[in-house]
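As structure tokens, here come the structures.
One chain, chain A, appears in both complexes that follow, with chain B as partner in the first and chain C in the second.
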Partner chain A sequence: MKEITRRKFLVASTATVGALSFWELGHYALAASKSNVTDGSPQSAVLGKERVIYTADAFCASECGLQVTTYNGVISTIYGNPHVPYNAGTTCAKGVSGKQVVYSPYRLKYPMIRVGARGEGKFRRASWEEVSRYIATKLEAIKQQYGPETVIMDGGDMTDQPPYWRLFYYFGSPNCTQHGAICDTPRRLGPYIIEGGLRIEPDLMRPVLVRQPDGSLKNDYSYANKMIIYVGWNPFTATRINYESRGTVAAKQNGAKVVVVDPAFSNTAAQADWWLPIRPGTDADLFATMLRYILTNNNPQDPERQYLDPRFQDYSVGWPEFETAFRSWWTKSDPINNLPYFSLQWAQERTGLAAQDIATLAHEFGSKKPAALVWGMNGTGHHFNGEVVSTLGTVLNVITGNFDARGGAIDTALVRSNKGGNGGSKQIKSQMITRTVNGKTIKGLAWDLEMDNNGAWPAAFWGALGAYPKQMSEGVQINYGPFAGYHYPIKAFFVRGGNPANSASTEQRWAEVLSAKDGSGDYQIPLTVYVDNAYLETGLYADVILPEASFMERMGLSDIYPSEPVMYLREPVVPPQFEAKNQVEIMNILAKALHDAGDPDIQGADFWDRYHSEEDFWNEALLEAPGRTNVGEPLPYPRYPVGYKLLGTPESLEKGQVSIDHTKKIVQGVPLTVAWLRDHHGVAVWPMAWERYKAPSGGIIATKSGKFEFHFGFLDAVNKYIANRPVPYMLNQVGWTRYPTTFFWYETVWNPYTNPAYTQYRTQYPFQLISGRIHQSMSATQYVDWLGRISEEHLWMPLNDAKTFHPVVTTGQGGEKIAGIHHLRQGAWSIAVIQMNPVDGQRLGLRTGDLVRLVNPLKQETKGKVFLSELIRPGVLRVPPGSGGRLTPGMGQTYEYRSITPSSNRLLDPNLSSPITGMSTFNDMVVKVIKI
Partner chain B sequence: MGTFSGNPVPKPDGGLVPIPILPPPTIPSEEDIRLVMQSDLQRALKKPMGERQWGMSIDLQRCTGCQACTLACINENKLPPGVVYRPVLENDSGTFPNVTKQFLPRPCMQCANPPCVPVCPVGATYKRPDGIVEIDYDVCIGCRYCITACPYSARTFDWGEFYGDLVDGPPTPYEQVPSLEYGHVWLRKAGTSPINNTRKCQFCIERVQRGELPACVRTCFALATYFGDLNDPEALVNRVRQGRQVMQLKADMGTNPSVYYLL
Partner chain C sequence: MGMLTGETRKLEQLAVLHRLYSDAPDASLPLLLSRVASQGALWEALARSAQDSAALATLSTEWTTLFEGPGRIAVPLFGSVYLDHGLLMGSSTQEVLAAYAKYGLIPEGKIPADHLAFELGFCGFLTAQGHVDALSERSDFAKRWMWSWVPAMTEALHAASDTPFFRELAQLTLTIVQHLSQSE
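Then we have the complex of A and B:
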């Protein structure tokens, strides 16, 4: 900068005249003092200090492959790793922001011990030695008095929780869980019971590595998709499946028709061919009607109406039973509208969509092949009856022949790489224990005390985290298995990388149970431990806080959503900041402390003597990669027998450096290691194939029969397990005494348009309240400055008031420090808002920015500012989940707006969870709006 | 142990960053578009500087409004709070249910006739032979005339804020990493450039000269932004415009931007 100020310049601005004449003369170019611009590289001195590291994100569970550059050991830039086909060199806004996680002033820096009451957030700094001794002493006392099963370990929202699970499984608790148990279990039920998977996604990951007729492996970039229907799923904004962003727009340009079914005009809808603004909570109605239309109008003789692909029957069991049960509803009439179930007219009344549109959608889905019908976590995973949606959705994909078809629908859980079994579950599933039940000594496995499957949720295959507050306050009643009749309390809650107190069901309930006291004034749950690098609400209720290494500071493996087996390494990019430690170190420290406190189940041979570094731990996990069978078209490895399980590096399998075990049907190559990944741009990629369920032996379908099960073998087995024992309490809510074993139907809750029990609320509570997931402004995201500023989808908008405040940061003195005074300008920060259609706003006399109260029939309420938007269905209010009413100073500037931002999690019904999976009903509620 | 060490960034020494080697494509024309663009760059960089004109084609049918480009740019150029080079503008229109929404990433247009250049009283901003409109931070006096003159609002002012200020602390560690804009080393410190200068997108020209794509193109989540030499008919940035409706922003002003939008 030249030493001349603007003021001086304005006084004597002859140069301005010169510039103006330049303009008039049209001499735009090369007016410069520097016409000698060259291609030189004066920055070479800087480049010498730069390093490139291939790693994997874990700021969300999508876990993209990253290429990070450091300068003098500080993170400089973050890009996608071009060698990882999952994200193919791209990253989202959140992925780019990782360095603001690592260097966040609000992050947890030191171990801390609570000094105030739970919820107050008062802590003192402690040493790792002190906190590990503190935790071990308490855990051992709890184990002695109540048993190890009374400890819950929640591994949070990342896929690298196995070290923690290992510790607690060896400790003896079967109650290890993670975010999957609260994310979207109803969305996963259908795939799970029909084909053994979890998530059906369109075949959009490109490139994929495909075996060519000449034997070579090549990258296929072509899109075969003809139709993609996203229902309650907004991949562009709620980004979880990375390739659905680039893939959807590319497939569309290649001729695929893209349809979005959503009450809100999402960013995905903005690039779709067709938007269907459905009434919330009626996705099951739409799917059932599509299925009825397809079964009714299918005509093998008419090329326009060959909806069904009859070959699916060769790979399935129970279809006639399912079809009969489904058809039996067609003659019944719905009490709410007196129309026959699943008829077009019936669906029009309930979904708010035109009957003709529904018919067109069904016809096009049935006739445009390959197609994918995809349902998301917001729209289906968070409704009480999402289990019906995912079951019908899976059926629709399978019977139309789209399942695992090229350009069709892929269940990514069935085809991803395996990453091993050193999380300790083998230990807990083989350890024999005894308990005294009703005066009798009973022997069983430690696993038989698992709280969900033996307690209130025998069919919750992924756990029922949303229902934990109930068990935490009432204790766990074991109803099934050898220990039936046994009751135990919850005495410790160990949570890592998750924030259930804000986002895992009704937030007041979590606050209540985590701070509840017994008769003698002690906390009912005597130990709560919070492990994270972000200081979130759950941390406020912790007795001990352990600072964990961020994802740029620890090792791990990523593999989760690709449509072919891909395994990539999370390589530490920088050393842990302050006193943070990685999961393997924390596992070993706590293991050692438990051992020293006299725990006989924790031995060095299983922990610190076995894993000297995190690399040791993850190398062991990699022994089982990719762990998928050699099946599909084109066959991944024609040189090996079909149906054999593949293990080892892509290189060794390609070169034939293998041993083949014909008894166990295993092709064993050179085991994959962290070092191998490091030498190969951080990633291993094995070949893609399609039709992978059709192998005569060893297809990908993971049901017990190895076939599509329209007679649900899993639920059949659960029914046998619970026979002659109490009926799980939530089944009573929907009038069942047993789990359904084929087509089932029940209405969602708090929906006055579809469920007669709630029609009474239609007038007084005229709005349906739903949440709209925004990937980059979630529960643990908004403290990142860049993400806090950018706005999104009329949900996260710069409607902040000007504010002067004292930011709070944790310091070396422990506890917190009031860090000066900061002034935030109006409109400089995005906050959670309530999206409302202007028609509704006008009726209530509301304008954008007006503060309102949302009140539900349960007398719960939340506050927020209204944002009027044409991009939402009238009668529907949408708020971002977990983004408002943030109570922890760890959220930075977002915390300052806690009293004017809405939390929909305060309003959900604490007594209802989806009957089979135990999922909280995040998106089923009605409210009235009161202007403040 | 490779932990924390990684591999050194290849030294330029006049050479170019190597193009990643991926498995060959099944159809040669369907190769990874970033690799194609990187080889376009290598071709262009072999020409004399004045014979190449850097430009962008942004496919608005592909943009998903994710704003990854906005933040990747901030990350690459080490931008302080309040300075943004490439926002993604949004506009919705219509009434429910007949609505639309457009996303418009807005880099500097690197105009052929840049209105910002002639208003600069000290000649600190100028059009380079390769089409980039450069700001010489050492010459800029911070008068902000150019900010007013730019019809695209592509220029913002660096008021000297730091992320560390938000908590009354020193600059954060990542604010002590220099930016390499225009091939020079810029470490922001009070009283020195580029603080109190006008700042704007320069197509990451320092990266480009090393054979790397601009940050926005490199990160684009939906593969919606193309970059290359507008003078090279074989370059992807030009080929993607074939058969498409093409728009330049405010074309009627005669600025002739180097950024094309595909509708």
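Then we have the complex of A and C:
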């Protein structure tokens, strides 16, 4: 763009400046067409042609492989990529909404700087140069005065975070996080401490590439599953794991029994053989009782009762200790019902399920093999005691021999391809720093100042983002490690692709801390930066907005929850529109600005001189792919030694184009590259195997011992780290002084049916409030209006009032035009509703569509319309999470209905997070209903 | 090249309108508007509304909220939002691009070609050619690719803002585009 100041423009003439005319100047300059036209840019549309591009979604965390056609440089059609086995050519409404994302007139287009107060939403347009200088100047001042650790970088939920993490780790802050920290960490704890993974899913991804007896590799489409139990997990609606919906149907058709345990008759329950409408927050009760039943009734001599895998102890440590601890509870009496813990009668009282049904479920799970017990994000991961659930669930899968069995349960985190390590963590974990603690100069690693693991959450292996408002408000108290006793404030918050102000924990708390001022009237957090292509609530509190390239405009890598190593490419389909930039560009721009501002830790060799393009960055990441060992049955590569790490393209490994390092036990093929992926339909697939933990030379188990740990080595190590130091405050809350190292139990909160501390609320607050995920209408996706419009599961329904969002515009010819102006008929648009059983509705004199207030014992409230539905258990209210009461005009129609849609995140107990993982307690609250 | 009678004036007006839709009002605006204030009551009113320097900051913030965001802007300035079902880069954008390409022009940067400022610039370019064919092309272009949506836009602007400046801008824009779209 030609540079000219406005003053010069005026002085010269109104219409011309020197040799240039006004149409050749400014943001909207027309130039001779030979200038810098790149294929696929908006401007090349008339010169373009039809192209097919294989890429990967990132509009939601499913990241399905996509096949996109452009015509004349403009996105035309979007289908699933049939070559990516994760979604095998399928995709959902979100996947095909890429065009609505890229070409939304409401997307973030330009860098902007706040001109009003935080929360007001007033900004001015700025150049990249200005904003990068603004950010760098502030960051350097903060770094000088308070230290780099006072800057938090939240990489959000749109994947491809490593460039941002790299920047901030090099800057010197150990506090880089992402949405996973507020997603479902309690759900991941059990897998993490027992086998080193994160997410157990059924063996349902098909096809998988399997080594045949004749040595060839072939796609296998068969299903071996005999039983699948989904607990608080609804893959037919919350399509996080794409293959689970179609795979469940296929497995069922092949004879598998499908059971859904959920207070709601979800879309998944509708496809199941058996629905068990459990009381919310009692999944741990069910699992513990199943475990007791299995241990009590296991009989190796009885073919009907061979529940336990006779060999599981060969691959595990600490089982006798765990079993003893577990059995020690059997003789204790539960104060809430005076029944022995984990007995069938006890479970019946607490879960609301029939004792016989629980016994049948346990028996069938123990005897129908292979089986998978799978627990969900909302249903279990959002309860305070979800950590107990995931621990017992992992135990049940392992001891019954279903773990990594063909047709059983696979921990996808243990088998996915490696995405590399250029996110900068090596830098922060090796950088030596000094700080003055209690008058003494202390040396340590920059990593030792990480706010969670050295502060209030030493065992939060995924961070405790939901608890950040507390640290933002009070500062970070370092209690452990070399800097114990050090205290620092939070001075900058850099959010990219996330929306913590709406979805990380109590909404009001985030609004409070992000707009809090100190005694001088300055913001307590002097810098907030928001990077995204949608304008969400967190953006309201930003000082600077940076427009990021959407997933159709940037490069990245996907490897989501597969059963075998798979890596597929996110290929830019069109260049970033407007002034949006991809994350590698943003990393380099900010790095250069920091360097220019005098930051000695940021050098070109680590950023702009090392990565000239985003392809350079991702090629480096791909050097680590697939990074899995040659183990399992059938062995992926019989020609290579068992247990050796595999690196390189599937093609080179198959053809033997490798070098083998016997010292390091590595088989190195031709490194995978973006170019290779581009030439192979965007995807690399390596062979599947099962029983991958059994290899004597080392399997997939990622615990320190390499075995299933029923004595939790990870928590043992944390206990040593915090020994003789203050007890983390949330451990005190559950009555512990140290982390449990074997079977543990604690009650969930705000549950008057299981926790005696809350029985007092049973009468006055008679409803348990839970959330049910509607995947097309998540925190960010609603900004594509037609996704928000789709009704779903009696949770997201067309109960809108008639509304004119902007006056109806008539054209000169008398017709109506869409102009950011919309008139909606009543009942024509779906909004978040409060799902209530008709029995409860009748008792309260409520009808569908009635507006009510939900009030909790903490005197917090939210409003919404009731939808009476048989799909929910009486006494339970269900709302979609993060979907109502939306405060940002970036949300489109949902924003217009903010006063009549409920937000359960306004009703959370702000002081509660799960004691080990630090996860926000989203799903434990009681409310009363007041008709308006 | 020789300019046809009255076209110099039109060119000047297009330049100012182009500026008004390109950047938020700032301190340079009063001087710019004062140059065209004598060209009609609408221009005069607009110049008067922009004279108060204290109000310029408010106008600037409102301009950004109305036209650039962030978020759901009330008045998108892209033709395809009105002509192609609410999205950018529709078929009308390509038609507009083709019209520019016919004269060897292409927008710089990555902003879709049917932004009002580009279209006003293109009209300015055609005006400056100073011959009948170009002026005929200008009226065809304005009629087909501006008059088809600008009335909707200006009504949206009129409805979205109570500020006299923006209401006058809406009226002025409507008048100029209507005039441009009339056959020469």
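Here is the rule we go by: the second predicted complex is superposed on the first by the 869 of 932 C-alpha atoms of A that agree within 3 Å, B and C clash if a C-alpha of one lies under 4 Å from a C-alpha of the other, contacts with A are read in each partner's own complex, and residues count from 1 in each chain.
The rule we apply is simple: a residue touches a chain if its C-beta (ideal position, glycine included) is under 8 Å from a C-beta of that chain, and two chains touch if they have at least 3 such contacts.
A quick note: this is a predicted structure, and the numbers were derived from the prediction, not measured.
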On the superposed three-chain arrangement, identify whether chain B or chain C touches more chain A residues.
B
Partner chain in contact with A:82 - chain B first, chain C second, else both or neither
first
Looking at A:463, would you say it contacts chain B, chain C, both, or neither? Reply first, second, both or neither.
neither
Answer with first, second, both or neither: which of chain B and chain C does A:892 touch in the superposed model?
both
Please work out whether A:162 is in contact with chain B alone, chain C alone, both, or neither, and reply first, second, both or neither.
neither
Once chain A of both complexes is superposed, is A:72 in touch with chain B (first), chain C (second), both, or neither?
both
Touch test for A:99: chain B only (first), chain C only (second), both, or neither?
both
Quick one: is A:572 in contact with chain B, with chain C, with both, or with neither? Answer first, second, both or neither.
first
For A:218, select first, second, both or neither according to whether it touches chain B, chain C, the two together, or no partner.
first
On chain A, the residue positions that both chain B and chain C contact, one per complex:
1, 6, 9-10, 15, 22-23, 26-33, 35, 37, 41-43, 45-47, 72, 74-75, 99-100, 103, 105-106, 575, 807, 809, 819-821, 892
Interface residues, chain A side, partner chain C - complex:
1, 6-7, 9-10, 14-15, 21-24, 26-33, 35-37, 41-43, 45-47, 72, 74-75, 99-100, 102-106, 108-110, 112, 115-116, 121-125, 535, 539, 545, 575-579, 806-807, 809-812, 817-821, 888-892, 895
For chain B, which residues are in contact with chain A within the complex?
1-9, 11-14, 20, 22-27, 30-32, 34-35, 45, 49, 61-68, 70-72, 74-76, 81, 92, 94-97, 99-103, 111-115, 117-130, 134, 136-145, 163-169, 172-174, 176-178, 180, 183-185, 192-197, 206, 209-210, 215, 218-224
Quick one: in the complex, what on chain C touches chain A?
11-12, 14-16, 18-19, 21-24, 26, 28, 31-32, 35-36, 60-61, 64-65, 68-76, 78, 81-82, 85-90, 93-94, 97-98, 100-101, 104-113, 115, 117-118, 120-122, 124-125, 128, 147-149, 151-153, 155-156, 159-160
